[in-house]
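The structures considered in this document are given below.
After this come two complexes, each holding chain A, first together with chain B and then together with chain C.
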Partner chain A sequence: MSKQEWLIGTRMPRVDSEPKVRGEVQFTADIKLPRMLHAKVLRSPYPHARIKSIDTTAAAALPGVKAIMTGQDTAGVKWGVFRYTRDQQLLPVDRVRYVGEEVAAVAAVSPEIAAQALELIEVKYEPLPAVSDIWESMADGAPQLHDDHPNNINVHVAIEVGDVEEGFAKAHLVREDVFTAPEDSYFMTEPYAVVANPRPDGSLELWMPNAAPHQKAKALSNALVMPLNKVIVRKVAIGGAFGGRSDVFPAEFITAFLALKTRRPVKLVYTREENSVATRQGHALFTTIKTGVDAEGRVLARDITCYMDGGAYSSTGPIATSVPFLCMEQTYRLPAVRYNGYRVYTNKPIGGMIRIHGRAFAGGVDLQLDMMAQELGLDPLQVRLRNARQPGDTTPTGSYVQSCALSQCIQQAAEAAGWADKYGKLPPYHGIGLGTNSVQTGFPLGIRGGSQAMIKFNEDGGATVMSGVVDNGQGNDNMLVQIAAEVLGLDPGHIQLISADTEATANDPGAYSMIATFAGGNAVLAAAEDARRQIFEVAAEALEAHVDDLVAQDSKVFVAGAPDKGLPVGKVIRMALIQGRPVIGTGSFTPKVDHRREWLSNPAGQLSETFSFGASVAEVRVDPETGMVELLGLWLAQDCGRALNPMVVEGQFEGGAAMGGVGGMLREEHRWSDTPRCLNPTFLEYKVPLACDMPPIENIIVESMDPTGPFGAKEAGMSIAMSAAQAIIGAVSNAIGAPVYDYPLTPDRVLRAIRAKQDGEKQS
Partner chain B sequence: MSLAIKSQGLRMTVNGEPVELLVQPHETLLQVLRERLDLTGVKEGCGEGACGACTVLVDGLARRACLTLALEADGCSVLTVEGLADDQGLSIEQQAFIEAGAVQCGFCTPGMLLASHHLLEQNPRPDEAEIRRHLSGHICRCTGYAKIVEAVSNAAARKRGEEPS
Partner chain C sequence: MQLPPMDYLAPADLSEALAAKARLGDEAVWLAGGTDLLPRAKQGIAAARTVISLKHLAPELSGVRVQDGRITIGALTTLKAAGEHPELSRRLPGLRDALASIGAETLQQSVGTVGGNLCADTRCLYLNQSPAWRAGLAPCFKLGGEVCHPGGASADRCRSVCQSDGAVMLMALQAEAQVASPQGQRTVALDELYTGKGETPLALQADELLTGVSLELGDDPLGTAYHKLALRGALDYPLLSAAAALWLRDGVVSRVRVALGAVYAAPLVLIDAVAPLVGQEPTPERLAQAARKAGGHAEPFLVDNVGADLQWRKDMVRVVVARALEQAVQRAKGGA
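Showing the complex of A and B:
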């Protein structure tokens, strides 16, 4: 990458933005096919019950109803991300485990008739005792959700590296604190939807918001017992994911099953409430953190025990239970660390990965460091810098860190925010805080961990790029086109993209765990370089030049410095066709990870080829009467490796700060009835940030130029979503002069912390 | 079926084209626009007027199509996102959204654009606080709103014949 890039690093408008502003892109619910039926799902009103019988006779007799399915039709086929976590029947046969779980489904000629038919299905339940929280659930004698998991412990991640007890013994200061947060949700603007269309050739095509078309296809191929090449997940516009579209849901199985049964297209569109309750939610967390530091604030040992409320089924359980720890061990140097993570079953909706997964984990780690810095009379900024991960380090569980500019992120964010003039110098109830975090670019995914891309050309010099990478809204389509256009010297408008269509595209790990740019981008980069080499070989003969001296730019190939004597790419393509050497570029990228690493049995070895790092600073004012937090500013710095498109990267920062920081740390939480039933599944009751809630934001892009990322890129924005939340905790605690342990920082929680401080002062 | 109530005639102008059709009294404007007229740029994000994705302009006023009965639009002129561009190309607001990077997943974009268009028709010189207040009936989960606010500010300047600052 020695040459100066012409398109990489520019604020190129996204290729998908014009169809989106025209309202012409199709999301799943917009799809309309001839003879299409509409599906609706009957859901459990009980948090825990045995299904004694289901009578569908009356529903089936309703005119317009074309098919009904219950668990009895499905042989109890199960889903789970891992072989050892397959605990969810895609349609339960005899038992339901949360309010909202799927019980039966109907396909009818209209959504109204399908809904009417649901009311005619008679289900006899035998209610069973339910558990609402992790403590109740883990108690001896509690109702057991799954037979093979005593005390309802779904997952236990146990990690221990170094001598933790020795570290505590040597420490100058040791603290132990507990941090908590309830469930939160994605609230992507597009509610979940699926369309399934059986085709005359025996294949089944499907559209749904997804974060990995190839993974969805594989799961459905298993569940439907169909060959993988007959289960086709198509490209569709996707209205956000944030971790909530990564898993496989009963919705696609139900829609596919009804379509195959009726031999007609079927569409299922979730309501907002269904999207909240019956896809995934963030986990509730209860985290105990014990840290020992030396007199300079260097961490010598840390011991963390975290309980996560996982809801009724495993989902991504082993990953979800590990990731908050992994982010922490990447962020900070830790000579000795112990982690016990427990994911606990309860009779609640299923917990999944979310953008700010672990707010009561990462937030606790940072706040505790601030408290210890204060006790030692140190500046928290210096303490962070003393513990910050450095390039060339190896994490406790054995990942080599090949690029890292965390210290620069911390310094630049602090400088931009005016930390030196503000920390400890602001008036009462006015505070400043710092958050730091790191995320992975992918996990070991075995045979599905690599991405493969292909580029073909037409005789007019236009190219078609094929890649399995999916775009959830973050700009992946543009990322692929921008990389290909850069290498091939083509205008982005001359590149047609076929992506995320499992019939056409080769494997790709998906757009989750922040892997899309690193794996998918690298695969397209390799394919484009392969195609360019073939183009240069043909052109070199015609131009009587050496391949190494050629340049591709402005749709021409020419000898460097002599653009006037160049050949149009279209002409080179036609020459290649006549010569019987057509240009087809292929490329693949498989991240270098340790495939022996396993979430539970062997949490050691290279987790991800590279990691991103971020630091955020928040400044707040707190109203001591009401507990209301006013955000005065956010300064966001991230080492994204290289900003392929700074405008897109900034959008990721700003969106991450809104969801993770402003929403995730100041207001977002689910509330529950005693049943337990989710009390706020819709936008009216669950408060996400609005335009008027956002503070001024300063974006600081830090480029560490990763040695193996495409043009040096890693991932954009994820470590901001998390560090912004951590920064707000620090700022609020700094403002009120007391730590706040329970999140999000709603007025009642902030007031409690202020009162606790005042009570403590009275007593002393 | 109990739902079979007598249909009634509905006449309106949608994106400049006259439309005449029979609708049920309980059908919403959202259903008619999306399902009968295939104007799927009108998005349903919540169905209860909270998210703003279904916003359309009815006689120039921003309305939640999901909370508006179709018959309420009888005799009215309706503008959806599909009607913002004309033969000359994209509207100034659309162009500004593209250039500022205000579009990510694009699901809230149609409602945001119509709200922006509505604002600039009423107030050609809104300050940042006014833009934020006007857009606060619209939920975007991707952008953090910064680039949307910037786009509206730029569009306002351009509509006034000025260069965006």
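Showing the complex of A and C:
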């Protein structure tokens, strides 16, 4: 950047912070509309069953019940992210496939009456044999969940680049290890909720925590057979997404259907348990990684086979099965690689995208590098640097890397943590580890890949920015305002934001796949530059100056260096109105990706216009008697391109470390009964870390200044969620002097690894 | 989740409260801090048509008193007030630690009570769930049925677990509970208060109220310690815990009691494992020996129903007992 920014890069307080702190912000569950009804959902108590009949007579007769719906009312309309994965009936007609699947729903005048009505619905089931783990599910003769997927294999991602066998043949050292982890969960602060409001003009307004309003609207428009402009997803405050709000759920379909049926607003609020069981969960993973390296630890070939427990339906299956691999092919140079990812159906809740993207995948890749470094007598830090992705590289599946400061991230995190003084020099059961990762900024999303923005002005010089970008809590609203304010020279308080409203705002990919800043930010940047050009054109005439010499700052337009002789922006706007050339800025941004790329049929070509990179170091102490891990410190470094707002970026780092590392790697896992029922769907038994569990953290922002990101920005935080987890695996394994293959690193797993090492030492 | 409709009474004093409970019997439950009762009521397992709030009884039934070598804690003393009581904290750091480990600063510590913690119901991964979660499961022993879901086909009784932290430490201290009813007061040893039956974990009659707990400090220097295993720094019930109370006379153990928590439906007192310590100097070897024995003795009692690996918990008995004993010895010798 040649020009010095005045607002970009500053620690500007987020525009949404104060109302949130005051408790004034409305989340979906807070919405109250006149004549609003309350919905409740009846769920399957069986993991796999045929629905023989549903009798709603008694429920319908209960005073206060206004509508009941079952699969019979909806003709089994299906949802799937892709045409070829449309395997979930939004309300099943004749078969349920997991405990907690939707079976019927009621709208009543109060939540209590709706709940009472559920008890009066009589469902006759014929229980079917169920499968609860992937091996059982893939075995010949296992109960089949879907007709067209033999051995319950839902998705198979197959990638092979370069000569893998030749790589292994040339390798100085080859290792093969297996890494496992059960399901994990998002535990957004806000449980899922939907409000639907049918309007007299035939349109339907909806509010729900979402990561892509335009995608929700499109899916509902299909399911309800309504024109897209009549299905309006409104903006609402959202309490977290983490990958778990981007898909489409039966909840919004049910709420919309009941609202249309009753011609009244309907609200459905999930319990914490419903949020855990009936939205999405992270996949359980079983990953075999074989890597060959040369004597200096350079990877020559890698072969990965990963089995993922996908639960009952496809969801984002092809993406979820690919992303763990893609993150690691971006992170490290790989001359030859083979990947076979299998997503397997089981009678469990549906697996979706989660910010951690496979702790038993990335964690395995890094731990194995540590182990090989040790066998070769090398410092794992050097091995990371030798393999680290460099700018100008092309990934195995064909993505050009236009900016990358991974090596700097590794070096700076290691230096801050004191790696050189600690690695190999710490006392027993005290260890240090390093994790590195890379994430995308978007995928090829077809017609929804780009973002468009508009900016209009009031005669007082205030502006209204319109963008489809949604804020899930990560600070996207602030990002949009900060960019527009920077370019227009306006105080952020003079900018009103309309966002994530499908009636008012234009197309946008959504706040998932880490694209919000890159696409949405760039679109607002373009719209603001367009508006500023128009403002300058009007002002240039009045100031008798050249457009190129003007600057916009402090709500004024002036010739650079002469702020005293400037015009207030409001005055320029009024001049423009009088002159009949009102200022309306528009802008769009469509990332350059290869649209021929497809998850299964053609996993090759530019995946994402740019990628972010990061490295974390963790230091731990392990109690050798209990296996309990004490996290002594985390050093988090990420190349986010440019930190538009370092305070927001640091928040993302710390949140990522809490979710992926402190929670995801040390505590969090779902537990199951034999049935299988999820034994810990709530905050008490699912061990999301608490503030008191967080270690000291040092944030290290690395800026590679991406050539096409807005002000050089890419993505912030997700790679930390992954690399912090990887670093903790390395640190714990380093502390106990033995690898731990099974995650999360709960004390029982760590103690087993310690014992296995002790047994091995006794035998030898 | 919503509370089911319940009648609510808030009697003005103890006699009024006892009269109300005597009248309503099993249809009513006591409400102190509510941090155990209300979640269970939402889960539909509190089986009460009426709650009798004890809030007006707080002046009568709160506070810590130290008198004539006895410590008495009113049942309605909040966890925070008890744990921060200077005399209690100084004389019984193990109890202080146990009480401080309950719930979280933000809620349970401020409104949860010592009596409530002692009377907290046993817990079960299959029972402490919503009615919707339990739909399709046959009623279990605790709900009057004939099965135990975590126990499986071989279980002939309820396999729920007592996860009270306070009970474990107070059991090690051989505390007694004071119980009131319209017939008057009685005293019951905690050893007798806990039945060990998951279905009915407390030996209290329908018309009785636990009003306080008291214990003898004894003449010899006393060391107490509580060691709890949990995955988080707050909020969690123990996955396993051990409490030790140990009295030293002239460097020799004059008396010692160890209790384990989160094992089965009651705190488990280990008598034989620690008996050999009496009359001996508490050397590290002897403490380790006692802890090893404790592991063996406790193992058959451990119920697999707290959301942690059973084998790990079995292995941890020795560790938590050893740590509790070591710290109790140190404290008895005047250490921190």
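Going forward, the second predicted complex is superposed on the first by the 763 of 764 C-alpha atoms of A that agree within 3 Å, B and C clash if a C-alpha of one lies under 4 Å from a C-alpha of the other, contacts with A are read in each partner's own complex, and residues count from 1 in each chain.
The working rule: a residue touches a chain if its C-beta (ideal position, glycine included) is under 8 Å from a C-beta of that chain, and two chains touch if they have at least 3 such contacts.
Fair warning: this is a prediction, and the values are worked out from it, not measured in the lab.
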**Q.** Contact breadth on chain A, by residue count: chain C or chain B
**A.** B
Q) When the two structures are overlaid on chain A, which partner does A:R671 contact: first (chain B), second (chain C), both, or neither? A) second
Q: Check the residue A:V569 against both partner chains and state whether it touches chain B (first), chain C (second), both, or neither.
A: neither
(Q) Between chain B and chain C, whom does A:G473 touch in the aligned arrangement: first, second, both, or neither? (A) first
Q. After lining up the shared chain so the two structures overlap, which partner does A:G239 touch, if you call chain B first and chain C second: first, second, both or neither?
A. first
Q) Touching A:T271 in the superposition: chain B (first), chain C (second), both, neither? A) both
Q: Would you sort A:E625 into first (chain B), second (chain C), both or neither based on which partner it touches?
A: second
Q) Who does A:E654 touch here: chain B (first), chain C (second), both, or neither? A) first
**Q.** Partner chain(s) touched by A:E112 [first = chain B, second = chain C, both, neither]
**A.** both
Q: Check the residue A:P13 against both partner chains and state whether it touches chain B (first), chain C (second), both, or neither.
A: first
Q: Please write out, lowest number first, the residues of chain A touched by both chain B and chain C across the two complexes.
A: 112, 271-272, 684, 689-690, 692-693
Q) Can you list the chain A residues touching chain B in their complex? A) 11, 13-14, 16-18, 20-27, 29-30, 32, 63, 112, 116, 186-191, 237-240, 242, 271-272, 472-475, 647-648, 650-651, 653-659, 662, 682-684, 688-694, 697
Q: Enumerate the contact residues on chain A facing chain C in the complex.
A: 43, 45-46, 99, 111-112, 115, 271-274, 625-628, 666-667, 671, 673, 677, 679-681, 684-685, 687, 689-690, 692-693, 746-748, 751
Q. Once bound in the complex, which stretches of chain B touch chain A?
A. 1, 3, 34, 38-48, 50-51, 53, 80-82, 84-85, 90, 94, 97-101, 103-110, 113, 131-133, 135-149
Q. Which positions of chain C touch chain A when the two form their complex?
A. 1-2, 104, 125-126, 129-130, 132-133, 135-137, 149, 229, 231-236, 307-309, 311-312, 315-316, 319
